[in-house]
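These notes open a run of structures that come right after.
In what comes next, chain A is part of two complexes: it sits with chain B in the first one and with chain C in the second one.
Let's turn to the complex of A and B:
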């Protein structure tokens, strides 16, 4: 393998792919970056930790097509510290030579034969393809991913459910204390509903990669993985598509639609920013997993009390319809829900102090947050 | 899932040939494909190789159900470097519950990376801590689709019944002497060495391989086999014990050098950045356990070799010289057998003393004390006859 390229292009590609390098790789070769130079003048840079695969391409003058696996972190550091301008790479027996300006580096490489087959090629005819706005998807992921569980004993809950139907994608995640559901519009889709569960960690990376890309994301659901094709917006010519792929979590996601209540009689409408600030302040006095209490009435009274530490209380303006009662929540979960919403005012709908409450944006229905109250003794 | 694994096919080379398993009488010729397997049999009877061959058979795209042994998938599986093959082995004395919670359960819940199946091979499954075994139960009983779990185990009694009862059990026998010799010769050992290795290994292909291919193992064997002749008094026994412990320490030191290189490699691979501390810590932990384990292995080898000496003497006294394993020391064995007048019961007791000590070591007995106690007992049970050869 032998090619020349711009250092900035190479750095962009290397930094993108490096996100998939794991610190606790099970296979030694996965600490590497897989670099493949093609006759067509594009160089693919890829990495995987098996859960998440990230690949991108850059334009280069390819003298000799080929494949090499370089030690990821070191290569990343070298490229980052090179001056701008042209870089040339040439692989020899068990090593790669990097030259830039008057600098020469020789680095031992890893065995390309050990590198797993990457799941980034195009799909088969029976794979499902949908397309969406990348900014919208990024926003939706940010709303939902945080609600996924970190309890490894129930694996399906460590993932996010993707429900794909014609024209619509619904994302849902729950850790069994709260449930976040977000809907977005898509182009294309299968004839009937397709459900897959993707690991939350991979989706958090996807969300990060989507930031600032603009443009569209094409999503391909295949037999055992989902592949996202990102067009790197605004950088025409500097590279091609970037690809992110993730394996599924196998299993049955709980039927969350059954959990969503309908028609609670009590609804509280408050300013979102004020609610966030108040919950954060009062929440300081809800230590040791104690809840914050909300007295729902014409005014919202938020209070917390930790024995031997102290107590806090704050009253907020609110519009309220229904009976007055007290409901208590984990302050972090309440804060997460309110911060995931994007409207100026939010609506809290509740049945009583024990039934799960709903948090929504005012006059907005694409995102729903269901929150279990904490039982007050 | 009703595919069959075959140990032999007509003429093509398969993974079973590559791993020297084909045609060995202890390989079941036909296996249904349940999702949980327990390969049970003595150390070195080919269980691990069989587990890898099965993994190749399950995932090989070219010869599905058999495993071609030469494609990229098969070669990566044989070398333990395939993303859909998960090898779980004790890091030291035990397989901890974390190894199952991190290495098995989340991975089993994921779809396979390359193929349609993923295979988990849990080596020395008897070393799973009971809590690790319990953590595995649910996955073992109802694994996610396309998951196959193979437990490789020497001692079934250390497995919870709830674990073994969920598996299809395949029993392995000691590998016949001739088969071991043939395998070693195929791996380029010279015939006399291969023959001796096969005899002293007592059906354990790993032990035979170590002896035939590692000069250190041969020199250790000679020194351990000479121990019985030195046990003229308790004092001598203590000296011999100290030497055995030193021998183990030497082996540990060699490995420790190799580990330092591994630490350097890890640093190169990971860099010094944030988030690498846990990888370093876990490597250090693994190294410590590995060293402890290696020490035990050498001590067990010593006990086993010493025990085999008494067994040989017993064979010679019972007029079965063909059964003598230590072919290189046959003359010494015969001389000892002729000169001594011990009760054969005492020889049996000596063999037994050698056989029970590894169990104590596995339960974390102090290595020096365990070896000293064993050798002092041996000096009392079966001291060398007056005319027996000395090592000088």
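Let's turn to the complex of A and C:
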């Protein structure tokens, strides 16, 4: 394998693919980056941890097609520290030579034969395909993914549920303290609803990759795998599409629709930005997992108290329908919910201090955030 | 014999809870006053000296106290008031030395070695502390000695409202006439064993060879008592330790050597600690297991949880895991203790769960029900099934 390319293109590709390399690689070869130069002048860079696979391509002057697996972290560091300009790579017996300007590096490579086959090829006839706007999907992921659990002992909750039906995709995630549900429009879809659970980690990478790309995402679901094909619109000379593939999480996602309340008598409407700022400020006095208290009334009073530290209180303008009462929340969870919304004003609907409260955008129904309160002592 | 100067203070409040009640209600001054649980199985936590004159002591069942002193005024515990006053007392101590080791709400060790240049010798500091405490409307007794053990024995001898200084050269004269039970670690069992050997006073103990004591009581306990009888105790005053914790520990008459039995005892202590936490209206985040082996090696292991707890199941879950992790191959355990620190006013604020309804509120309701049954019908009225003796 031998090719020449721009250092910036190479770095972009290497940094993208490297994100799939696990710090706890199960096989030594999985700490590597798989680089494949094709006769067509395209160089694919890929990595996988067997759960998540990330692959992208760059344009290069390919002198000799071929395949090599380079040690991921070191290669990433080398490319990152090279100056801008042309880089040439040439693989030899068990090593690869990187040349840029007056610098030369020779790095031992890993065995390409050991590298697992990448699950990035096209689908079979029975696979399901949907397509959507990448900006819309990125927005939806940003709303939902952080509500997934980080508790590995509840594996299903570390994932995000994808409910795919004709014309519509619903994403749902819960760590059992809050639930985020977001709906977007898609093109295509299966005849009946298909449900798969995808790891939050893969979706966080997908969301990151979609940042500001402005193209379309094609999603292919088959067997135990979902593959996202990202066309990076706008970026000239990037050489083609990037692919992110992820295995499903096995198991049954909780029936989240059953958790959504039918409607509460108490509804508070407040300015979203003000709520975010207030919760952040007052939340400084809610330490050691203590909650912020919200007194729902014609005005919203937000307060917090940490013994031996201090207390804070702030009053906000609000519109309120219902009986006055106090409900307490983990400030981070409340902040997450309000920041996931995009409307100017948000509506908090609550039953009482012990029932899950509903946070929604005013006159907006594509995103719902259900938040369990903290029972006060 | 220790050559250290007498710079350790043990300050013990006199009839603390009862005295705080008098501050709250000055009309109670001078009358027999008994503080404690008012239920059928309630226990005296504090009695004024007027009530003590009738033979009432703390830890006595309330029923007995009522019989001994029927005309006394009986008041329920008000731990939040005691905690508040205790904080003021702690502030007094801290104004003389940072080396303050609180033992409970109403007693503490102080090391004033570094403060004598500033405030005068230890006895003078003791007097100044007494004066400052008197300003709060309370009295205390101060023991001043070269070490913690002697300071504590001294304050016990000088009660109430006293101050007793043991100088290094006076240690023997002070200690030797005392009964052996004055020594830390001598309970009823060991006391009897010593009596059988004809050893009644601390002086008796100090005058026999250490080897003889070790043969009679086992190496560890023998050496420990011999050292105390000589007036030696090298435990430092450790600030903060044991401050603000609630717990329960037990020394067993026979060493525990069966893991199943150990776990059962840990469950018992966890249950008792959880009950005490709730009785004081507290919860805590750091759960500590203390294990003392037969050779007196003592291990404490703490775990800090993401949320405050006050339920038996939570405390047991943590301490059980902690014990199993210690994994003593052949346990020979003399003492076990379970305690909770990082205290906050309870019951704990708890993040409720969308998906599960079995923990949280339900558990809290169960604890409440258990507490009210025990308050009404006694500690053993309701017990954990696994603590019942096998038939």
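The rule is short, and it goes like this: the second predicted complex is superposed on the first by the 374 of 377 C-alpha atoms of A that agree within 3 Å, B and C clash if a C-alpha of one lies under 4 Å from a C-alpha of the other, contacts with A are read in each partner's own complex, and residues count from 1 in each chain.
Note that in this section a contact is a pair of C-beta atoms (placed from the backbone, for glycine too) under 8 Å apart; a residue touches a chain by one contact, two chains touch by 3 or more.
Source: prediction; values computed, not measured.
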Chain A as common anchor, with chain B and chain C clashing or fitting: fit
Which of chain B and chain C A:299 touches, first, second, both or neither: neither
Which superposed partner A:289 touches (first chain B, second chain C, both, neither): second
Touching partner for A:374 - first (chain B), second (chain C), both, neither: second
Which superposed partner A:319 touches (first chain B, second chain C, both, neither): neither
Partner chain in contact with A:273 - chain B first, chain C second, else both or neither: neither
Contacts of A:185 with chain B and chain C, given as first, second, both or neither: neither
Contacts of A:158 with chain B and chain C, given as first, second, both or neither: first
Greater chain A contact set [chain C / chain B]: B
Nearest Cα pair across chain B and chain C, whole Å: 8
Footprint overlap on chain A, comparing chain B with chain C: none
Chain A to chain C touching residues, read off their complex: 174, 176-179, 254, 259, 288-291, 307, 328, 330, 354, 356, 370, 372-377
Chain C - residues contacting chain A, complex: 283, 285, 306-307, 344-356, 360-361, 364
Of chain A, residues touching chain B in the complex: 23-29, 31-32, 50-51, 71-74, 76-77, 113-114, 116-117, 119, 152-153, 155-156, 158, 199, 223-225, 247-251
Interface residues, chain B side, partner chain A - complex: 72, 75-76, 79, 81-83, 86, 101-103, 105-106, 109-114, 116, 144-146, 265, 268-271, 273, 275-276, 278-279, 282
